[in-house]
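Chain IDs A, B and C follow the sequence of writing; residue 1 opens each chain.
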Amino acid sequence: MTESTEKRYSVGELAAHVGGTVLGDTARPIVRCHGLMGAEPADITFVSNVKYMRQLATTEAGCVVVGRQVNEKSIGRDGKPPLTFIQTDDPYFSFRQIVVLIHGFRRHAAVGISPLASVASSARIGKNVNIHPFAYVGENVTLGDGCNIYSGVTIMDEVILGEDCILYPSSTIYEQCVLGNRVILHAGVVIGSDGYGFATHKGVHHKIPQIGTVTLEDDVEIGGNSVVERAAMETTRIGMGTKLGNGVVIGHNCHIGQHNLLVSQVGIAGSTSTGHHVVLAGQVGVAGHLHIGNMVTAAAQTGIAGDIADKQVVWGTPSIEIHQARRVFAQLAHLPELVKRVRALEVQLEKLKPGNSDHSEVGG
Amino acid sequence: MTESTEKRYSVGELAAHVGGTVLGDTARPIVRCHGLMGAEPADITFVSNVKYMRQLATTEAGCVVVGRQVNEKSIGRDGKPPLTFIQTDDPYFSFRQIVVLIHGFRRHAAVGISPLASVASSARIGKNVNIHPFAYVGENVTLGDGCNIYSGVTIMDEVILGEDCILYPSSTIYEQCVLGNRVILHAGVVIGSDGYGFATHKGVHHKIPQIGTVTLEDDVEIGGNSVVERAAMETTRIGMGTKLGNGVVIGHNCHIGQHNLLVSQVGIAGSTSTGHHVVLAGQVGVAGHLHIGNMVTAAAQTGIAGDIADKQVVWGTPSIEIHQARRVFAQLAHLPELVKRVRALEVQLEKLKPGNSDHSEVGG
Amino acid sequence: MTESTEKRYSVGELAAHVGGTVLGDTARPIVRCHGLMGAEPADITFVSNVKYMRQLATTEAGCVVVGRQVNEKSIGRDGKPPLTFIQTDDPYFSFRQIVVLIHGFRRHAAVGISPLASVASSARIGKNVNIHPFAYVGENVTLGDGCNIYSGVTIMDEVILGEDCILYPSSTIYEQCVLGNRVILHAGVVIGSDGYGFATHKGVHHKIPQIGTVTLEDDVEIGGNSVVERAAMETTRIGMGTKLGNGVVIGHNCHIGQHNLLVSQVGIAGSTSTGHHVVLAGQVGVAGHLHIGNMVTAAAQTGIAGDIADKQVVWGTPSIEIHQARRVFAQLAHLPELVKRVRALEVQLEKLKPGNSDHSEVGG
């Protein structure tokens, strides 16, 4: 938390910034964004998940950003002073705008090109680029204006970065990969390592040269220690605005669409493609050579083994439609009782058969 | 193995060290700890898993640490010379004490602060700290006495480490995170990277500044390439004595309790908390905004989608109580036969209905 | 893609190189290997997956490597000029041979030992070894001839590498581990970090010194950010020719057999062994202290909790034989209907019981 140097805003200023409606004290000064739990009188917080709505009864927050349906009457403060609200149509996004305003993003020190970095003389370095100690920039690399390259990063030969990319410590980009603008790689990310390509012949797995590359389009962000394999041929692509969590693995030749959310530990095997606005929750696995349609969502740990049509919501391994999956899982826990019920039916039926109606223990 | 420079102990000395009872040759010299398989006459080994008990019949180990119930009579040596035992109440812990005595932990070379490291002049460095080449220590970092910082480590600005922390190669700590005493980060670990926080507005995922930090309490150990996200606000916390395996991912705002065991590839989504002595086996996934109670255990690959009460043992996706889960899984493999049995019942029942008793093929 | 500097071959030359039969224009010049989709007249491509066979109808590729059963008559070109084929017994392997011929593997720059690397004077460095900036080579390390050590790599004391090993950026090998010849570690790989070994005593997890090592045999390749733990005692071993994907975790004391394929995000707990030619698909988990037989295959996300006999193919958690698993999963989606059918049977049976035959609503 870096609250000490932050600016001070009135609730009214913040509401104006996000186009919201103030219910309460417009003049109240706000210095910090904070979670609902533990928020103090100079803090602004938010509620968008109904699960946390009841905490409004006791919070000491100076202001709470909420949806249009929430107001003083919808909560019970039980004698506590009334809350000040900013109502907006999209409170989570509005709160995000306020966090950006008050705290902003990480500031990158203007270190320039460290004399302790290794930068090839053939590299083309844009303006306002920072390269930290022990970063390595290979031959014929292009770094667009405003890039930040942290310590221990390796950028192999002929990589191209657009503007304002951020490469956090010890991330690696193999040769010839291409990044758009504002791409963020967190620490330990690996882009363009060899695809898992082996031709098995007479019991030996022969490595296939992976002569393709990786393309990360604008505004892609990739979480710590994720890996995107380079294509066997052509390119593995991550579409504009797509965000990967931590420990995600994208196989070679995949074409991931725009504005996807691939949460931590998702794995996608080779040559699979996804449409736009796909959401794969944590630990989802997708087999190779498939197509996942636009706006598909898969719940956590789902295993996808076949193509998925647009807008489907799926769960389970193998994946099925989520409402059906919920019904299945609800029944699954009762499977042993079901087996007993079937056994009882068999016994009873046996008794009912002609000639058996007077036997009490037939049909073991 | 580094047996050559180790000290030599008698079985009696080792038994005294762990408060154990010798059955056999108290004077026998021991120079090395070794697994049961392949142990030699100067080796000490142990058995705590009954699965390996039968190997006692043939081992050539010089001494075996066992529980109080194991003795010469409980095994058949079939003509081989009798074994020497050290009986203790907790043989696995006793053997651990003996490994520490004979072999000890990894020795860290006293390299001091390498001239090839980059250490900010504003950093506060304790006594007996070793910083290896190509490690980066940022502005206003505090390193407690006795810390070892291996090559390629990055410690960003304003991080605080307690005493005797070990950061293995290429691990990264983002700015302002706080580590207690004796914290161990294995190679490639990432602490404090940005939480997966995006506000989706009109189809675009807008990054939310992650202004919180990470706190790792005393005696936390984190396995290779694991990631702990920094909080959106406030702090992500890992409690005292908790041990993470490799490739584990902890989402932002999580509060992991004390003395947890989170085995390799576990993933916990954001804002979830756990009590003390929780055990999550390999590849377990936990959804966000949940609470896992004290002393909960989840079997491997379990998917937890709801709060879990204290002391529950769970398995499966979605997780259920483990005895119930075992019954379910035992029946699940027989589901196709169950379906056939239900079909047979339907056919037979149809025949029994009044007026159908003489039809043999009714009801396809 | 690096097509510009590649050599030019005739279809006839390529067919001769792989022992194939040309159907079509033997003289056609080929300059590049390419995927089927988007291949151009100077490209050679292949089809081994029947899923892509229909794309032969429209491809503009100059030559397609296919199996012996594929020819002009087996596809419909619908007026397009006929294709030129190279038929071979193993088209995927043949195409691999052609990729190696035309494009070859990554070229490693002959940088020698960078003055920006840190190499202990006690290290034994073979001929034609390249060590890039910011790589760290510890005391008494042995690097065989032809090794390539990229930037940010750490090789701790007393490690031994055979010939022609490639360590990509920021990979780490802990002390005393042993690598054979032609071992490849991709970026971020961790070899020999401490095994997850704790003896829990009175509620505290006491770290057990991990005094063993890791042995990687010849021709092992390990994908980005995977981790192989060092043994508690003795050695964790990965057998000759075995290939690990990305984000794989191998627990301490495992003995992985030869020519295994352990796909991305597989996790194997401690002390488990596998035979030869085992295939574990993505996200498979294997419990500890098990043995997986020769030529076993496990489908994606399988959870293995018991020993598996040779040549078994398994799926599911807990794993069962795959044909049975397919039958189970096919029925599982219909479980709610099955429950309804059983309920209906119960109701009907109740009606049929003596004395109930005229009641219509008995047995709710």
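FYI, a residue touches a chain if its C-beta (ideal position, glycine included) is under 8 Å from a C-beta of that chain, and two chains touch if they have at least 3 such contacts.
Quick caveat: nothing in here was measured; it's all calculated off a predicted structure.
Novice: Indicate which of the five shapes (line, ring, star, complete, other) describes how the chains touch one another.
Specialist: If you draw each chain as a dot and join those that touch, every dot ends up joined to every other.
Novice: Just send me the rotation angle from a CA overlay of subunit A on subunit B, rounded to the nearest 5 degrees.
Specialist: Roughly 120 degrees of rotation.
Novice: Quick one: subunit B and subunit C, Cα centre-to-centre, how many Å?
Specialist: 25
Novice: When you check subunit A against every other chain, which residues touch at least two of them?
Specialist: Within subunit A, the residues that touch at least two other chains are 134, 152, 170, 188, 225, 247, 265, 283, 301, 317, 332, 335, 338, 342, 345, 349, 352.
Novice: Along subunit B, where are the residues that touch subunit A in the complex?
Specialist: 118, 134, 136, 139, 152, 154, 156-157, 170, 172, 174-176, 188, 190, 193-194, 196, 198-201, 203-209, 211-213, 225-227, 229, 232-234, 247, 249, 251, 253, 265, 267, 269, 283, 285, 287, 289, 301, 303, 305, 317-318, 320, 324, 327-328, 330-332, 334-335, 338, 341-342, 345, 348-349, 352, 357
Novice: For a test of understanding, state which residues of subunit B touch subunit C in their complex under the given definition.
Specialist: 1-2, 33-35, 38, 49, 51, 90, 92-93, 95-96, 99-100, 103-106, 109, 114, 116, 132-134, 150-152, 168-170, 184, 186-188, 221, 223-225, 241, 243, 245-247, 259, 261, 263-265, 277, 282-283, 300-301, 316-317, 329, 332-333, 335-336, 338-339, 342, 345-346, 349, 352-354
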